[in-house]
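Right after this note come the structures.
Below, chain A partners chain B and then partners chain C, in two separate complexes.
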Partner chain A sequence: MSKTLVPAGTLYRGREGQWSWVAHRITGVVIFFFLLVHVLDTSLVRVSPEAYDAVIASYKNPIMGLGELGLVAAIVFHAFNGIRVILVDFWKKGPRYHRQMLWSVVGLWAVVMIAFSIRHLMHVFGG
Partner chain B sequence: MATPTIESPRSGRVSPGYSRSSASRGNFEMIAWLFMRLSGALLVVLIFTHLWVNLVSGDGISAIDFGFVAGKWADPLWQIWDLTMLWLAMLHGTNGIRVIINDYAEKNSTRMWLKGVLYTSTVVIVVLGTLVIFTFDPCPVIDGVAHVADYCPAT
Partner chain C sequence: MEKEPASKVELAPGVGGGGEIPTFDITLKVRRYNPEISDEAHWDEWKLTMYGTDRVLDALHRVKWEHDGSVSFRRSCAHGVCGSDAMRINGRNRLACKTLLKDLDTSKPILVEPIKGLPVEKDLIVDMEPFFQSYREIMPFLVSKGHSPTKERLQSSEERERYDDTTKCILCAACTSSCPVFWTDGQYFGPAAIVNAHRFIFDSRDDAGDMRLEILNDKEGVWRCRTTFNCTEACPRGIQVTKAISEVKQAILTRKV
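This part shows the complex of A and B:
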């Protein structure tokens, strides 16, 4: 376990560029699988009003409420980082400022999530 | 412990899908790349509005039930909104998963199977969701029993 553990010639740079890419993939996969389930649960409106209301009621319990915070956290990050990716690709100065833009994404994400969490937990626990 | 060697791009074997000389795939990958950016920008607006209306405004998630859906889909704007969101999100997500499968599944047969499952799921979900939006009945009669709601005609 010495310095030789460090791979020579790796293409992975780490830092903001690589980790935002990893987070973008993970949040994307999470959102995709939720989307499949979400279309299925909404489709219950064609089965019966009772079937739909029964499944939606399960989304209103506190544990699912926390899951919804996680889902919205994934969506908001993916959305803001996606805008950053678009700016990196299409804005002339995008590549130069990609790190600063990532920290802006993280900051904006934190602000939005604090506000949303308060609001959503009020709805979930407020009855 | 041996360290894995990662070759620099295009130093050796190039996957046929990425070969620049093969014209068989045309510019599909470029169109897909562009689609991800265009649909992504639109989805930010569509989904943030969707989350605002359904989870933030009013009573949020505690107000969601069959009547809430009926109220929204009585307006063609929300039907079109949800239809656009369904198609764009499913195609955006499917292409994202396709890229991830291409990146991590090394065997041809594994890639083929995973993408087969992916595309089948996509078609099923998109067709199902589209049918649900357009065949939705706010006042269904199930087994001879009419749904009771203030917006439904009294029987």
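This part shows the complex of A and C:
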């Protein structure tokens, strides 16, 4: 017999449902912080249009460009997974097909993101 | 009087048992906690030689009976009926008496911890009182208006079918203690209480469905469910827990049972 203190306890090994919920939470928080900043910068236009233009212009750099890519990735996942969550609750067969619906969400997300990334990165880095 | 044979079925020699059951070595790690000795939990580890027919519960018995009698856990029937020995085995809620060692990865240590979200009392024993408190609140008994009939309360097989799945619950708490919402918000009724409410809400002989729906329409009721499906995966009876919770959600919205 030997005695050890680590690990402090294991992480619960939930499956697709648990991890989709974690991803939904994280993307939700990310979107919330974006909206907070977004409301502030948009409301600047009522203070002074010049200040608004200056702030928006400062977003036009590669780091913000990549940030926008991440933001769209978060929103697209949150939107599609949100529909999945609604279907789980309101569609009779939702709970049975929740896993297949998650893979559909991931598939749709990948398709949208590939298309968007090409167009968006051309804008950001193509000048 | 003629003597009864030892077995009424004649078996050919070498058939029907007596064969060697394969053995293998395992490392069992148990999360220990004893508030009388230390406030901190730790892991104890044993190397055991077990049989192919053994379950995690047999390994715990081996430790308790032959190595360290102070290891504490609950178990009663040991056959998946009483629901006493729910614990976290390799990070997932399982009944120790229904988990065969051979089905786990025996090349790595097997980790056994108490179920999450309920206060640990000692080793694998948790305080189940908050769990049973929620269970009692949903009135898990038949409520009927008016006089009792002198004959049976009749029910069609279709009516019986509606809540068949949720009658299987053994109150082991594997579902409730697998729920991320329950871990952080102990006030949440939890899957098991909702499953047992479902069992009566959708019973055509019961008259208190509306009362139970009102109880579960609470802030800490069904709306806390985030459909992570951990409960459905954890249920040792295979109850479609998340589906049952969804049905209760819809019954609250439409007020139709």
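Simple rule for what comes next: the second predicted complex is superposed on the first by the 114 of 127 C-alpha atoms of A that agree within 3 Å, B and C clash if a C-alpha of one lies under 4 Å from a C-alpha of the other, contacts with A are read in each partner's own complex, and residues count from 1 in each chain.
Rule of thumb we're sticking to: a residue touches a chain if its C-beta (ideal position, glycine included) is under 8 Å from a C-beta of that chain, and two chains touch if they have at least 3 such contacts.
Every value quoted in this text rests on a predicted model; they were computed, and no experiment measured them.
Asks: Is A:Val29 in contact with chain B, with chain C, with both, or with neither (first, second, both, neither)?
Replies: Only chain B is touched by A:Val29; chain C is not.
Asks: With the two complexes superposed on chain A, say which partner A:Lys60 touches: chain B (first), chain C (second), both, or neither.
Replies: first
Asks: For A:His98 in the superposed arrangement: first (chain B), second (chain C), both or neither?
Replies: After superposing on A, A:His98 lies in contact with chain C but is clear of chain B.
Asks: I'd like to know which partner A:Arg13 touches here: chain B for first, chain C for second, both or neither.
Replies: second
Asks: Tell me the contact category for A:Asp89 with respect to chain B and chain C: first, second, both or neither.
Replies: Both partners, chain B and chain C.
Asks: First (chain B), second (chain C), both or neither: which does A:Trp21 touch?
Replies: second
Asks: On the superposed three-chain arrangement, identify whether chain B or chain C touches more chain A residues.
Replies: B
Asks: For chain A, which residues belong to both interfaces, chain B and chain C?
Replies: The answer is residues 1, 4-6, 9-12, 85, 89-90 of chain A.
Asks: Touching chain A in the complex: which residues of chain B?
Replies: Against chain A, chain B makes touches at 1, 3-6, 8-9, 37, 40-41, 43-44, 47-48, 51, 55-56, 59-62, 64-67, 69, 86, 89-90, 93-94, 96-97, 100, 121, 125, 128-129, 131-132, 135-137, 140, 142, 147.
Asks: Which residues of chain A touch chain B once you look at their complex with the stated criterion?
Replies: So the residues of chain A in touch with chain B come to 1, 4-12, 25, 28-29, 31-32, 35-36, 39-40, 42-43, 45-46, 48-49, 52-53, 56, 59-60, 65, 68, 72, 75, 79, 82-83, 85-86, 89-90, 116, 119-120, 122-124, 126-127.
Asks: Quick one: in the complex, what on chain A touches chain C?
Replies: Interface residues on the chain A side: 1-6, 9-18, 20-21, 85, 88-90, 94-96, 98.
Asks: Any idea which chain C residues touch chain A in the complex?
Replies: Residue positions touching the partner: 31, 40-46, 67-68, 88, 90-92, 111, 113, 116, 178, 180, 226-230, 232-233, 240, 242-243, 246, 249-250.
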